[in-house]
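Before anything else, here is the set of structures, which you'll find just below.
Shared between the two complexes below is chain A, which has chain B as its partner in the first and chain C in the second.
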Partner chain A sequence: MRIPILKLNDCLLISIQWELDDQTALEFQEDLLKRIHETNARGVVIDITSIDFIDSFIAKVLGDVINMSRLMGAKVVITGIQPAVAITLIELGIRLDDVMTALDLEKGLEKLQQELGD
Partner chain B sequence: MYNKIAGHIEEHREELEKIWKDRLINDGEERIIDVMPQHIFESTSTDFFDIILLNLKDKGREYKVKLVNFSDKVVRLGWPVALVMKGLREFVHTVQENLVQYGSIDKEREGDYLELLDKWMTPISNEIVQTYAETWEKTVSLQKMALQELSAPLIPVVDQISVMPLVGTIDTERARLVMENLLDGVVNHRSEVVLIDITGVPVVDTMVAHHIIQAAEAVHLVGAKCMLVGIRPEIAQTIVNLGIDLDRFITTSTMKKGVELALEMTGRKIVELEG
Partner chain C sequence: MEIQSCVSILNEWDIVAARQLGRNVAKELGFGTVDQARITTAISELARNIYLYAGEGQLCIDRLNENGKAGLRIIALDKGPGIPDIRKVMEDGFSTSGGLGAGLPGVRRLMDDFNIDSDPGEGTEIRSTKWLR
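Entry: the complex of A and B
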């Protein structure tokens, strides 16, 4: 099952609703980059509120997607990282230092609008 | 043999009790006897005697209940376990000497009697030690719980701003608790900025700094900003001397400045009312 990517003005919205397996994660990476290319999106919000568990591979793919999107000129905000997931990521040594994060989708969009300057 | 001892003790009870108490008091090391009111010492000692005798005559329910009650009582009175154990030991000696003195037992069989007396005391001492140990364990676990409740509270002070004051030493266990409370609190209170106040942390070494940095990074992941406040001069010195890199975090010396900065970051400020 592929992850739906929604377009809202010049932003793309992705809400990940179930645990990602390796295959889905890679497909998602391809799909997202393709969509950014097609739509010329300037911002991407990835909401992972429903995810309670993340492994190092998924974390790496997410980090990669963020860097790739940035290369293509889209700013990425990750929203709704659960406390347990945050602890796992820190323990895995994944800090996502230069990635924007927000508590929820609403605040994420707000932050993105601010960053994009309108 | 049991009956013989029991008979002897009952017969000479008052004398034995007196010798035994004198021995306990005169030994002198136990200061607790000096500070204890005389009548409490007397009544407890009598209880003690009753129980030992009851043990001899009847091993049924009544004895069990009395023994438990007695153990609870000495624990509550705060008798040191050493004193109670000494009481038991002295009792054995007193009875044995008394038996020999009255010629109730033959010299050759003294060893047998001593062994019998010992066997007879073991369940009592076991029960008492057990009660003491349980009380101590209970106290320790209660204190542990209290400490845990106190160790990492997150206080929502203003909308979108929360504060976590840390007081005392931070070890790995506590750091884990700090991180969990911090993240859960940020998500529950929907805070934008959290201030970790380390005014009360006596020493910041690399380990503590590592834990704090991890917590701050985790806060960033859930989508809030983390500020480190309450950095005392000596803490600043250690941090720099140890080469700990806190460049990625906003740090201030006092909570007051931290709150002002946090308000500024969330687009607000404190103004004085006119008039």
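Entry: the complex of A and C
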């Protein structure tokens, strides 16, 4: 099943609602870049409130898609990282240092609007 | 006293099955959400290593009860090429597959006990335990 990508003005909104398997994660990477290209989106919010763990593979796919989006000119904000996910990511040794994050979707959109300067 | 459940790791979907098994057992044993996430993540890393480096193997979950202490042990078994230099794979950032190199040292940090046994040409066995506090 593919992850739906919604368009809101010049932003794309994604809410990941179920546990990501490798295939879905890689398809999402391609789908998002295609949608950025089709819609000229300048910003992307990926909400992961429903995700209860992230392993190094998913972290790599997420980190890569953020960098790929940046190459295309779109800024990405990750929102809704759960306490358990934050703890395990750091313990695992994964630092998403250059990644913009926000507590929830609402704050993520605010942050994106500030970044995009409108 | 031990009760063991196993998942054969042959493809990417088995990694998902192993994670689900681990998470269910962790819940049953009474682990909190953070420990459940630690255990699920550790299983995912170990199962993926089997799939990536050995092609196939088994991931087993033991429910432990030793001297009144409950715990969950992950056993990752394969008959793959083995690990020639264990010290190297336990270094953060070392990867031969283009991954993040967080796997094994990360699993050691997420769990309480970690033990790795590998013979080049014979295979690898990793045992890692989380105790219920």
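Following the convention adopted for this analysis, the second predicted complex is superposed on the first by the 118 of 118 C-alpha atoms of A that agree within 3 Å, B and C clash if a C-alpha of one lies under 4 Å from a C-alpha of the other, contacts with A are read in each partner's own complex, and residues count from 1 in each chain.
Going forward, contacts are C-beta pairs under 8 Å (C-beta built on N, C-alpha and C of every residue); 3 or more make two chains touch, one makes a residue touch a chain.
Not measured: the values here are computed from a predicted model.
Placing chain B and chain C on a common chain A by superposition gives a fit, with no clash between them. Within the superposed three-chain model, A:L103 lies in touch with chain B and out of touch with chain C [touch as defined at top].
Of the two partner chains, neither chain B nor chain C is touched by A:A41. Once chain A of one complex is fitted onto chain A of the other, the partner contacts of A:L112 are absent, as it touches neither chain B nor chain C.
On the chain A superposition, the C-alpha centres give an angle at chain A of 50° between chain B and chain C, rounded to a multiple of 10.
Legend: residue contacts after superposition of the two complexes on their common chain; A:D21 is shown touching chain C, with no touch to chain B. Of the two partner chains, chain B is the only one that A:I81 touches; chain C does not reach it. Judged by the touch definition given at the top, the superposed model places A:L13 against neither chain B nor chain C.
Measuring only between alpha carbons, the smallest separation of chain B from chain C in this overlay is 8 Å.
Taken together, the two structures place residues 82-83, 85, 87 of chain A in contact with chain B in one case and with chain C in the other.
Looking at the complex, you find that chain B touches chain A at residues 179-180, 183-184, 186-187, 190, 192, 214, 217-224, 248. For chain C in complex with chain A, the touching residues are 12-13, 15-16, 19, 33-34, 36-38, 40-41, 44-45, 48, 92, 99-100, 102-103, 105-106, 109-110. Within the complex, the chain A residues that touch chain C are 19, 21-23, 52-57, 59-60, 82-85, 87-88, 91-94. Within the complex formed with chain B, the chain A residues making contact are 78-83, 85-87, 89-90, 95-97, 101-104, 107-108.
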